[in-house]
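Next come the structures, one after another.
Look at the two complexes coming up: chain A is in both, with chain B in one and chain C in the other.
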Partner chain A sequence: MSEKSVEGKDERGVNNKTISLPVSRVKLIMKSSPDVSCINQDALFLTTKATELFVQHLALSSYNNGSGKETNTLSYSDLANTAEETETFQFLTDILPKKILASDYLKSLEQMEEDEEN
Partner chain B sequence: MAERPEDLNLPNAVITRIIKEALPDGVNVSKEARRAISQAASVFVLYATSCANSFAMKAKRKTLNAGDVMSAMEEMEFERFLPPLRDALEAYKKGQKGKKEASEQKKKDKEKKNGTEEHDKSREEEEEEEEHMEEEDGENEGEEEDVEN
Partner chain C sequence: MASSSGNDDDLTIPRAAINKMIKETLPNVRVANDARELVVNCCTEFIHLISSEANEICNKSEKKTISPEHVINALESLGFGSYIAEVKDVLQECKTVALKRRKASSRLENLGIPEEELLRQQQELFAKARQQQAELAQQEWLQMQQAAQQAQLAAAAAASASAGQQAGSSQDEDEEDDM
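Entry: the complex of A and B
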């Protein structure tokens, strides 16, 4: 369903604007990578477009795998779960850590200490 | 150069719109989720850039080109993006050509440069789309901004 809407959007956008993210900002991010010296215009365009596709893909996969379907919501934990469970999103686990309660964390710490003692 | 850390974020309004377009109507996206997706997008750009850059370096080029980005997508296992990316790039190029009517000039440039491009031959299967854009390192006029800073 989303695939269709994405394609539809592309077709409409063909003659005017095919990307909505600001190219200049994407370029800035790319240039912040230390080894990169030059980026040609097509590569910049493609990266920007790919980022849009990525945002859609991440949002949709998280929504479809997530628990919010009944309530019509996409929450942080849906994203964190997707990052952990989907191989292509593994690179996100560092910035999408799973949330745990402080009490649970303390418990698991205690557990680990006990294990070490034994 | 990015002077503040916020400079490396993508605009929230645009990210929100893209998320909304991807999801079914009426889905509520929490503020935290939107922020996380936006950060994920920045990380994606960096990851893709570094993959693409390693392809460019392997081919001893200083300038990232479209083929490098496409190869990076494959490497990152986002093959699903390749067809829409190809379409978008084609449309983008058409738009540019229409504006500049520079296709004739480009063809001539390409013929001139064919000799210097032999070393790239091995990668050309991956780059069918990119035949017209092998211009390298500032030999081109205006359209490519190879700014070095």
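Entry: the complex of A and C
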């Protein structure tokens, strides 16, 4: 039951008919959701595959939406912007503090420390 | 990399799996580290989202277990309807794989060997393995002993050789005194 992934042993490139994410981990995460009790095994497979599609979808959308095409990079802000602009990804805005860059945050921390010293 | 804090909220999909998927989706694209971290967390968030929604649908249907139908409806209602076709395909594939596996194991059962016989054979194999282990261990022990003995002999030989030299030199001194 604790199979990590259901996969076709023949890796013909990206085989869409298989699952690459660890099903057992997905199950653990699902169970940590409040009130979720029993999950049918097939439902678990579905959720795992859906999560994979989500990753691909998120990565592609963010890349296409953002400035990534010129720089050929995918950055944090690409993701954050996509989350904000795409309706289906809006549930992510809670975990995406978009506007604050780490460097800005550090600056504001330093500022606070200076203020305290003064 | 996996969280060891035991806190349920820290459960995430392994980073390596995500990295691999991103690589396959966006080959030749550089992805910032904090972006990768973010995707990992988004996954967890997504799973919670689907679980909660499916759970609600399940509760409404008065069933106790979340079924594939519930998950599919959840996807639809959350705006991920485009995933449904592919997801269903995978389900079919998984069922086929599981079926093959069950057939394979039942073929084993159908060899006609009763369970007690299989158990007996297993015990035999274990006993053999244990015996081999014991013999190996004994051999190693003997070898060690022999090596230790040889080392002792060598040390004793060296000691007596140097002792002999000393005895020789003290004899010389005696002779001088006598003269």
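Methods note: the second predicted complex is superposed on the first by the 82 of 118 C-alpha atoms of A that agree within 3 Å, B and C clash if a C-alpha of one lies under 4 Å from a C-alpha of the other, contacts with A are read in each partner's own complex, and residues count from 1 in each chain.
The rule is short, and it goes like this: a residue touches a chain if its C-beta (ideal position, glycine included) is under 8 Å from a C-beta of that chain, and two chains touch if they have at least 3 such contacts.
For clarity, every value in this text was computed on a predicted model and none was experimentally measured.
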Clash or fit, chain B versus chain C on superposed chain A: clash
Which superposed partner A:93 touches (first chain B, second chain C, both, neither): neither
Partner chain in contact with A:60 - chain B first, chain C second, else both or neither: both
First, second, both or neither for A:102, with chain B first and chain C second: second
Which of chain B and chain C A:111 touches, first, second, both or neither: neither
Interface residues of chain A shared between complexes with chain B and chain C: 6, 14, 18-22, 25-26, 28-30, 32-33, 35-40, 42-43, 45-47, 49-60, 63, 68, 72-76, 78-80, 83, 87-88, 91-92, 95-96
Of chain B, residues touching chain A in the complex: 1-2, 7-8, 10-11, 14-15, 17-19, 21-24, 26-30, 32-33, 36-37, 39-50, 52-53, 57, 62-66, 68-70, 73, 76-78, 80-81, 84-85, 87-89, 91-93, 95, 130, 133, 135, 137, 143-149
Chain C residues touching chain A - in the complex, by the definition given at the top: 8-9, 11-14, 17-18, 20-22, 24-26, 28-32, 34-35, 38-39, 41-52, 54-55, 64-68, 70-72, 75, 78-80, 83, 86-91, 93-95, 97
Residues of chain A touching chain B in the complex: 1-2, 5-7, 9-10, 13-15, 18-22, 25-26, 28-33, 35-43, 45-47, 49-60, 62-63, 68, 71-76, 78-80, 83, 87-88, 91-92, 95-96
Partner chain C, residues of chain A touching it in the complex: 6, 8, 14, 16-22, 25-26, 28-30, 32-40, 42-43, 45-47, 49-60, 63, 68, 72-76, 78-80, 83, 87-88, 91-92, 94-96, 102
